[in-house]
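Right after this note come the structures.
One chain, chain A, links the two complexes that follow: it is found with chain B in the first and with chain C in the second.
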Partner chain A sequence: MREIMKWELKNLLKFPILEIIIVFAVFQIGFIRIIFGSFCTIQNGMLTISSFHSQIGQFVYRTVTDNFVNSRTIIYLLASLLFTISFAYELDTNLTKIYMSYPVKRRDYFVSKFAGCFAVIFLTFLFVGIGFAVFMDLDYITVTALSPFILAYALTLAVLILFASSVATAIAVFSKNTSLSFIGSFFVLHTFDSMAAKIKIAPSSFLREIWEIFFTGTTSVKNGEIIYHIPYLDALKTIYFPVIASITLFLISFIYYTRYFEVK
Partner chain B sequence: MLLEVRELMKFYGETEALRGIDFTMEEGIYGLIGPNGAGKSTTIKILLDLIKPSYGEAYIFGMNCQEKSYEIKKRIGVLHENSRFPGRVTGREFLEYVGKLKNIDLRDIERKAEDVGIEKALDRKIGEYSAGMSQRLGLAQALLGDPELVILDEPTSNLDPLGRIEFLEIIKKFHRENGTNFLVCTHILSELERVCDSVIVINDGVVLDYGKIDKMMEKYCKVYYRIKSSDNEKIVERIGGEIKGDYIYIYRKDFHERLMEIIREGVILYGLEEIRPDLEYLFKRVMEESK
Partner chain C sequence: MKRIGFIIFLIGLTLFLNFEMRGVWSANPSPGFPSEKGSIYAETHYLFFGENKFYYSAEEGYKGELFILNREQTEDLLRTEKISYMKKIDLKDEGMVKFNIKKTGFYTFVIKNTSGKDSDFEYSVMNEGDVKDCIRRSLYIAVLGIIIMFTGFMRDKRGRVGER
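Now for the complex of A and B:
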């Protein structure tokens, strides 16, 4: 399984994903930096945003979330593209037939592909996000590994990509067609996102809830320092529904691929 | 017995791709021959557990192909029809990946690349390979780890005539030197004759007959003779046979003494030729007999 995963990553990274994301990130970050540069460099030393300095805090909070909301489109695009390449395109070009003729277990093959694509999208966007925070000098949020910003960002990213990956995998595996898989995945993800804002599994709904929970947490003062309390339980309750939906979709695709899928 | 197929059937909706395939394969080079759409590739896909049979069973090395496919695939090599290998990686990277999956000594990559003649192209991206080189790479990956059985599906279909001859020579060499067994699935029969010692004739989803080529020839085709003379009618009258154009075709062997008598009577013999039927003729005869 390790070898299949390494091969998947090697193949996926040969695709210009990083270049696409860097161009996108540079454009977004650069644009915001030029327009709102004076706000971004303010050193307020605060841990929370909305409780203190509400005007600047609200603005930066919105900038961060809005950027994340905008980047959802490119996450959907990438998920549709990578899962289409990994499942449907390989089937169309007979590569699946070749790979499955080697001593490879179907479950390992499926899981490696899924995990490979997921890891590429997640890690790329995680680093882009952290880079964004550092570049924007968001030091009032204190960008450390366990800071609320990083945790909230990593959690929302993981849930969002898991959701997008499950949808894209299911469409790729069942459609078995490159064009249908790519267009279908992107269309379903984008439509679902924009049309179903009131449904709990819709990314536009649960993402904002997670961000709200992380950034409107309570604070207390101890020895003159402000301590931020993250309401983890509330955050878990928010992701419960989309995660269950993603796992269900994943399992349906997994069972179909390992038991009934025919490589024609 | 290397391979055994029992009453294999495959339906796609109402279409019957296989209608009960039965054959066995011993050691050697076997040709699975039949026209396009006969069911050759479907049979191979079932052997590799890429698709499930609707009915029947297939065994390789005595193991059920559906239940023990992982164990079977460790001991076989495969080259599929129209294989397109990943273009963004080099030949070496691809063969190393296959080698790791097959858990073999990676030094074998160099040897196999040399055997099939792509050693100089190993560090080039596969996307830059010609059709012939890509097919050789396909053969190299199938031969990695010296498998006991290699299944080749239409291996020469996109090669030029010289490439086809060289490709078949490699197959012969591996069988001769390493004892590798091959199941070559093709519809280009003239080439198969150069390498195969046995054939399985398949048409319309059923096996019509299978066995050693010489025995099949004895069963279905007889050696015949083609004669051209100054008096064809006289020869046919005395010996038999049939006239087609300028020639007489005789389908028996015991005519030589009587032919000498006719020559002594003054008939001039311009030519006498022994015609041995080829695989194409055998295939045609098997098809005719099955109707």
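Now for the complex of A and C:
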């Protein structure tokens, strides 16, 4: 499995795919559009320095996550591109047939491809987000690079990329055609996003809810420490539907690919 | 090495285009706060490079002081409750004061009520959004990328000559 993963990553990281992903990520995340410029009030009883730092972290990752949520179309485009290259294009160019002629388990082959594409998009956007958070004020580099709010940003990234990946994989596996897979995945993801805004598994709905839960929740101050009242149960309820939908789609594609899929 | 340099160059270039063409945008609405006599109020803001305008309004007869603090000074305030500052500006009733910021980033406003009475205080901050320092920083990243790329080319060339 490790070998297949290496093949896959080598394939995905070759010039200019990685460069394209990085440029898109920086273009979409690396700009300053701040809704509330003020964020930390020190009035009744001084804050501790650690609380002040966590406020800086929350503010910075709120901006980065907001930029990411507003630019989710790019994720759809990249997921469609990578999963098409990984599944449909290799089938069209008979590369899959060559791989299958080696003693490779279909299960490992499928999982490595999925995990490889997911990891490339996820890690690129994660590092670009952290990099831009650091870029916003280099004086606070130690604060922004280690803020726990990175986890909230990473959760938002993971849920959306998992959703886009599972849809793109299903379309790529079932269509078996490069152009149909690319255009079909992007069209389905984009249309679903814009038309089904009120459904709980629609990205526009669950991403905004995750953002609100982690970045606009209420806080209180006790002995100079800021306590964040994050409703984790609500966060779980919010990600429950998209994650279940993504896993179901993944399993359908997985079962089809490992049991019924014919490589011609 | 060439590829790493090229990626760094692309990151710098994309950031440059973002700041130069898209610009920046920030809204600094403050809901206002009750400023009791002799009290201090502090709020941290993300401010842009260059001239910033601080609009404020308080009740008639209000007198106060505005201190602008950087990271060290803010942490010093939190640690010792003493105000050391970059800039100090006197405030009276209502109006607008200008100040210059040399680096885009986080700054803390400390507003001290020096008048003998309580007053409501409201303020907002405006900026042209001309982030020259961020543009300069993104260009530095692009140049660093070019230097790394060039070093990679030179190393490859030397390696080939060595092989011959």
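Convention: the second predicted complex is superposed on the first by the 201 of 264 C-alpha atoms of A that agree within 3 Å, B and C clash if a C-alpha of one lies under 4 Å from a C-alpha of the other, contacts with A are read in each partner's own complex, and residues count from 1 in each chain.
Here is the rule we use: a contact is a pair of C-beta atoms (placed from the backbone, for glycine too) under 8 Å apart; a residue touches a chain by one contact, two chains touch by 3 or more.
Quantities reported herein were computed from a predicted structural model and do not represent experimental measurements.
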Touching partner for A:11 - first (chain B), second (chain C), both, neither: first
First (chain B), second (chain C), both or neither touched by A:3: first
Broader residue contact with chain A after superposition on the shared chain, chain B or chain C: C
Touched partner set for A:19, first chain B, second chain C, both or neither: second
Which superposed partner A:105 touches (first chain B, second chain C, both, neither): first
Partner chain(s) touched by A:223 [first = chain B, second = chain C, both, neither]: neither
Chain B versus chain C as contact partner of A:93, first or second or both or neither: first
Shared chain A surface residues [contacts with chain B and with chain C]: 15
Interface residues, chain A side, partner chain B - complex: 3-4, 7, 10-11, 14-15, 93-95, 97-98, 100-105, 262-264
Residues on chain B engaged by chain A in the complex (per definition of touch): 45, 48, 50-52, 70-71, 73-74, 78, 80, 82-86, 88-89, 93, 97-98, 100-103
In the complex, chain A residues that touch chain C: 15, 18-19, 22-23, 26-27, 30-43, 46-49, 52, 55-56, 59, 131, 135-140
Residues on chain C engaged by chain A in the complex (per definition of touch): 3, 6-7, 10-11, 14-15, 17-19, 22, 24-30, 33, 41-47, 70-71, 74-75, 77-79, 81, 103-106, 108, 125, 131, 134, 137
